[in-house]
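Consider the two complexes below, in which chain A is the common component and chain B and chain C are the respective partners.
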Partner chain A sequence: MAEFGRAALLLTFGLAAYALVGGGYAAWRGRRRLAHSARNALIASFFSTLVAALVLVAGFLRDDFSLAYVAGHSSRALPTPYKLSAFWGGQEGSLLLWLLVLTGYSALAVWLARKRARDLVVWVTPVLAGIALGFTWLLVAVSSPFDVIAAPADGSGLNPSLQNPYMVVHPVALYLGYVGLAVPFAFAMGALLSGRTDERWIVATRRWTIVAWTALGIGQLLGAHWAYVEVGWGGYYAWDPVENAALMPWLAATAFLHSVMIQEKRGMLRVWNVTLVSLAFCLSLFGTFLTRSGVVTSIHSFTKSSIGPWFLGFIVVAVVFAVGMIWLRLPQLRTTAKLESLVSREAAFLYNNLLLVALCLTILWGTAWPMVSEAVRGETMVVGRPYFDFFLRIFGLPLLLLMGIGPLVAWRRASLRGLTRTFAWPAAVALATGVVLIALGAGSSTPGLVAYTFSAFVLATIVHEFARGTSARRALTGEPVPTAFGRLIGRNRRRYGGYVVHASIVLLAIGIAGSSAYDSVTEGRLTRGQSLSVGGYTLTYRSLGEREAANATEVRALLDVRRGGKDLGTIQAGKNAYSVEQQVSNEVGIRTDYLTGEDLFVIAEQVDDNGAVFFRIFVKPLVNLIWLAGLVFLLGSVITLWPDAREERRLATREARAGARSDTPATT
Partner chain B sequence: MIALSVAAVLAVFLLYTSLAGGGTPSVSPSELATKTGEVALAGRVVGTPTGDPHGAGMRFVLVDIHQPGHRVTVLYTGSVPDMFRRGRDLVVTGTQRADGVFVSKPGTMITKCPSKYQAADTPA
Partner chain C sequence: MSLWILLAAALAVAIVVVVALPFLREPAPVSDTLHELDPAERRLLEAEEARDRALAALQELEADHRAKRISDEDYRAVVGSLRRDAAEALRALDRLGRGGTSDAEAKID
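Our next item is the complex of A and B:
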């Protein structure tokens, strides 16, 4: 069995090496049949990787503990869904998942683009093959999931913190995102290599970028929800390096998604776009490196890890290659179009980009600072929550405001009169909201108040846009409102899907501001019958129960909840003590008010022998908007991505035009 | 235009770092003696913790992950993460008292999750 898996990976290695070397040579010398064959080798590498993955899956399902990886991450008693997710419970399996997703994406991307962007695909093939080759090398030579041991009677099991539904879905979503960024990167590099620096690589990869970006965003929100519900410390994001690892490429990809629109429309920002897509891809490599190399704990553990140095080398190669290619093609990338005014759609997009990249780089700096300071000064320095919160406010709040302004400003040059007309009523709504909020006492937090006011502004602009579009359509066609509204979105999916995504980011901002700027917390040790009050709620500790479950002892404290004299029922919070794993986990009690989006969040921090319990209780206003934002985000992305014949035709003409406009291909 | 914006961002950044300093030094028990003031102490838990983290404080011993000879007693108050137990690696922020006991700032304990920070050759 193990030999079969190893052989499949060796085959992948051979196919990827052939696609890199053969494909590179074919592209360089213009050998069409060889290029064809290299492309097919890249597609075939997906199937050989799939075979390797299936061998590992079979190993897990058959409890084949002669595979060291299976023995280390599974056990006979493990429920079947977790036997499947144990696949990515460790390093070797995670790398194999990376490679599987990469080759799958690669195969699909070169296959779909084979007709329309043929001369581009010729160069994309070796780039994708190069990335696949790097990962296959790690799997074949450094960290193999098919190492064999003398089979123990039972495996050592899966870490309990990974045994929940979130940890089945969350890593897959993240990897679909991380790895998906390889496709636009490869097309950008393909465009640079071929010397065809026109817009076609952008048009060809637009959907790929959105798919990867959506998966990365959803993956992160799933991780945040997991932290909130399962980890039980009362928050959802802690600026932990592994969390930042996913946020940074997402921010870079967000910047990229916006700036490519400028290039499509005006042919500007060419250098910037290839830089951004390289940044996003390198950050996704860096993210995998952070989570997998042990470098976060200390540089010492990094140098002991087997894949760390390889991975670092891999990132260096990617960065040097990208920078080198951009440098080499700088003359062709220069554009004649200039920014005409600082008040225009282009300028607003540029500000948005600078803020996103600034936020991304400050997070990168904060995340890497312990490693940098240890390497440079021999002393590890850490920056904490205040550092990240500061920059989130400084760069995030203007970004929020721009989200309302950008889409409504005219291209090229906006007139002052036009601006006043467009923004008069959103600004009025924002001001009114601000005044009402101050009257309600929201002035206790300035960043919170600013965030709410800006959110009101953006929502007003979005509602205004939908209303204006619908009424314009009605005036033209005489359709009833729902039809006009539906067709408006259906005929401009990209634009209105984008607005829906913007609305989701506003919901996210409101949720974050509400739960972090206006939350209340109290704590104290209660004996039976005693009460604690917080944020309008009064909780009375009633009783303590203990129950023996299959694999854990469950202790639960029962509390009565009242608000404003009204009985709201009971809430339970406690701890599970897992006997086999010798681990205790907090099981928090959450009471959601679906009308206001507020959560009452109870942690039983410590249960004393005499039955007294130390409670920590949060009231988190509007926190549920964060999860709602995830659904709206997904809806917006799906609207944008939905196949549309009209859009396809538009793309085809745009692509043809871009092809015609481009300079004659440079020879290398 | 771009250069100006980059300069503005840099200015904000420098302003922040000059106000807040370059962060907290992170040290292991063997390096603790060389530092004064607030530090983030990283080490591995040994022995059995005693006392009440929500009362007078919980006492436990941290040893150096790489030089297990060095050890320090920690007096901790505040929330204790689920993952806290013997053998775990953790970070706690605070200052060392004259009697050698490391006194934490309340609620600063962070445990390092072994599944995520896996280094291939060091079993979790």
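Our next item is the complex of A and C:
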């Protein structure tokens, strides 16, 4: 079976090489049949990669420990869902997942754009093939998932922290995001290679960018929830290098999604947009490098390996290629449109871009600092949480405020008097919120208070926008409120979907501010019958139990929970000892108050032989708004992504009028 | 083991056929050249983009003004230049021999 997997990967390698060389030559010399053949090769590479992936899945499901990768990441006792997620539990499988998603995206992207942007696709094909070739090379020559060994009686099992339902979906979502950024990058490079620097590459990739950005955002939130419930340290984001590695391309893509609107509306920022999309893609490669190379210490770096230099070389090639192409096409990318006023929507989007990129680059500096310091000084120095928290506040809070201001300022220029009128109501709501919060004692944390006040301002602008838009539509059409509201969104999905996404970011900000600036914590060693109090809760340690599960011994401490004299039931926290993996994991207890969004979070840090347990207990106000933000974010993204038939017709008409004609039967 | 090799060979053959399909379908085509936009078509496409951009900006301004997102003062300050841009874009299209639609002109009026 391993031979079949290896052969499938070799086929992918051959197809990618053919699509790169043949496709590049066809685009350069204008060879139609060769271009289509290269496009078919890129599409076929998805199917050969899929075969390789299925072979590996079969290896896991059949407990085929003659495959070294399966033996190293699974065991007979491992539950079936985790046998499937063990696919991406190690380096080789992760790279194969990267390649599978990349070839899948590539096949779909070139197929869907074959008519609308056919002269771009001929250049996009070799770019995507080049990326696929790099990853296939790693899988074929450096780190193969199909290496065979003399089969042991049982495998070594899967890292216990990966034995969590979130690990079935979190890495996949994250990879859908990372890899998805390859598509807008390839179209941007295709536009530069072909000299077609008009806005068609943006139109062709707008949805791809949003899909990748959404997946990356959801993937990060799933990862945060995994860290919260599984890693057991009491938080959800630790500025871990690998967490940062996913955040950075997301920030760059967020900046791109905003700045691209300026190009669409005003024809400005063409150089900036291709730079941003290249930055986002290169950061996604950097993220994979950080996760898989083992150059930084991270809870996510499950393996150390030799692919680091290869990956670094790959990133250097991508950066040099992107910079070279932008430099080469600078004259065509220049535009005559200028920023007319510093008080305008395009100026607000520009400020938003500068803040996002500044935040992204400061995170990059903090993340890369251990590597830089080791290279320069010979010793690894790490910047801690205060560094990242400081820059998050410095750049994040103005960004939050801009989210409310930007969409309501007129394009080109706006008067201060007009702005005062537009923002009077939201500003009053924000001010009132701030006063009430101070009265309630929220002034104990200035950043928290500012975050809440700004959040109130943004939410007020969003609610006002929906109300005003619905009212204007009703006045125009006489429709009832629900119809006017529904059609308002339906007729302008990008705008109102964007507002919903903004609302999700506000929820996220409130959740983060509440759970980090206003949380409470206590700790102590308890024997049976003793109690600890924190944040109005009193927890009494009642008993300790032990049971044998399929692949672990589970120890659980049971605690009674009371608040204000009211019995709230019990909560359990403890540890799992995994016999095959010879590892122990924290299994935290969480009690959620769905009305207030608050969590009571219990960690059993240490269980003594005499039955005493050292507990750490947190009360995290509003933390559940973070997870709710994920659902709202997804809803906003879906609204934005939903196809707009009128826009499709307009673009098709423009293409037809410009004289672009079919040069081939579409089915080849 | 032979079964897996057989399967790999079948996969390889299927893939070669798919990749060679454009050549198999058209062994001797009249033209094997990719269509590329000539300079005139390219200028036309750019002019159409400029027209769509100007009209979309004008429509958005009108909608924002109607919804009272934008004050009368800001509306008056911007609408003139947007109309001029849209008219210029339409004139540019006319010069290239492809006028804007009457629908588009009606929007400017």
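Rule of thumb we're sticking to: the second predicted complex is superposed on the first by the 635 of 668 C-alpha atoms of A that agree within 3 Å, B and C clash if a C-alpha of one lies under 4 Å from a C-alpha of the other, contacts with A are read in each partner's own complex, and residues count from 1 in each chain.
Quick note on the criterion: a residue touches a chain if its C-beta (ideal position, glycine included) is under 8 Å from a C-beta of that chain, and two chains touch if they have at least 3 such contacts.
Given the structure is predicted, the values throughout are model-derived calculations rather than measurements.
Chain B and chain C, once both complexes are superposed via chain A, fit side by side.
Using the contact criterion defined above for the overlaid structures, shared-chain residue A:Phe4 touches chain C, although it does not reach chain B.
Within the superposed three-chain model, A:Thr422 lies in touch with chain C and out of touch with chain B [touch as defined at top].
Once the two complexes are laid over each other on the shared chain, residue contacts for A:Arg525 go to chain B alone; chain C is not touched. Between the C-alpha centres of chain B and chain C, as viewed from that of chain A after superposition on chain A, lies an angle of 150 degrees, to the nearest 10.
Shared-chain residue A:Thr380: touches chain B; no touch with chain C.
Judged by the touch definition given at the top, the superposed model places A:His258 against neither chain B nor chain C. In the superposition on chain A, contact of A:Val584 is made with chain B only, not with chain C.
Figure legend note: chain B and chain C, brought together by superposition on chain A, show a least Cα distance of 22 Å. Across the complex, chain A meets chain C through its residues 1, 3-4, 7-8, 11, 15, 18, 26-27, 30-37, 40-41, 43-44, 47-48, 51, 118-119, 122, 196, 198-199, 264-267, 408, 410-415, 417-418, 421-422, 465, 468-469, 471-472, 476, 650, 654, 657-661, 663-665, 668. The part of chain A that touches chain B in the complex is made up of residues 89-91, 143, 159, 161-162, 231-233, 242, 291-294, 296-298, 300-302, 304-308, 339, 342, 350-351, 354, 358, 362, 369-370, 373, 379-384, 386-387, 390-391, 394, 523, 525, 582-586, 603, 605-606, 614, 616.
Residues 1, 4-5, 7-8, 11-12, 15, 18-23, 25-26, 29, 31-37, 41-42, 44-46, 48-50, 52-53, 56-57, 60-61, 63-64, 66-71, 73-75, 77-78, 81-82, 98 of chain C touch chain A in their complex.
Interface residues of chain B, counted against chain A in their complex, comprise 1-2, 5-6, 9, 12-13, 16, 20, 22-27, 40, 42, 52-55, 65-66, 79-83, 85, 89, 112-122, 124.
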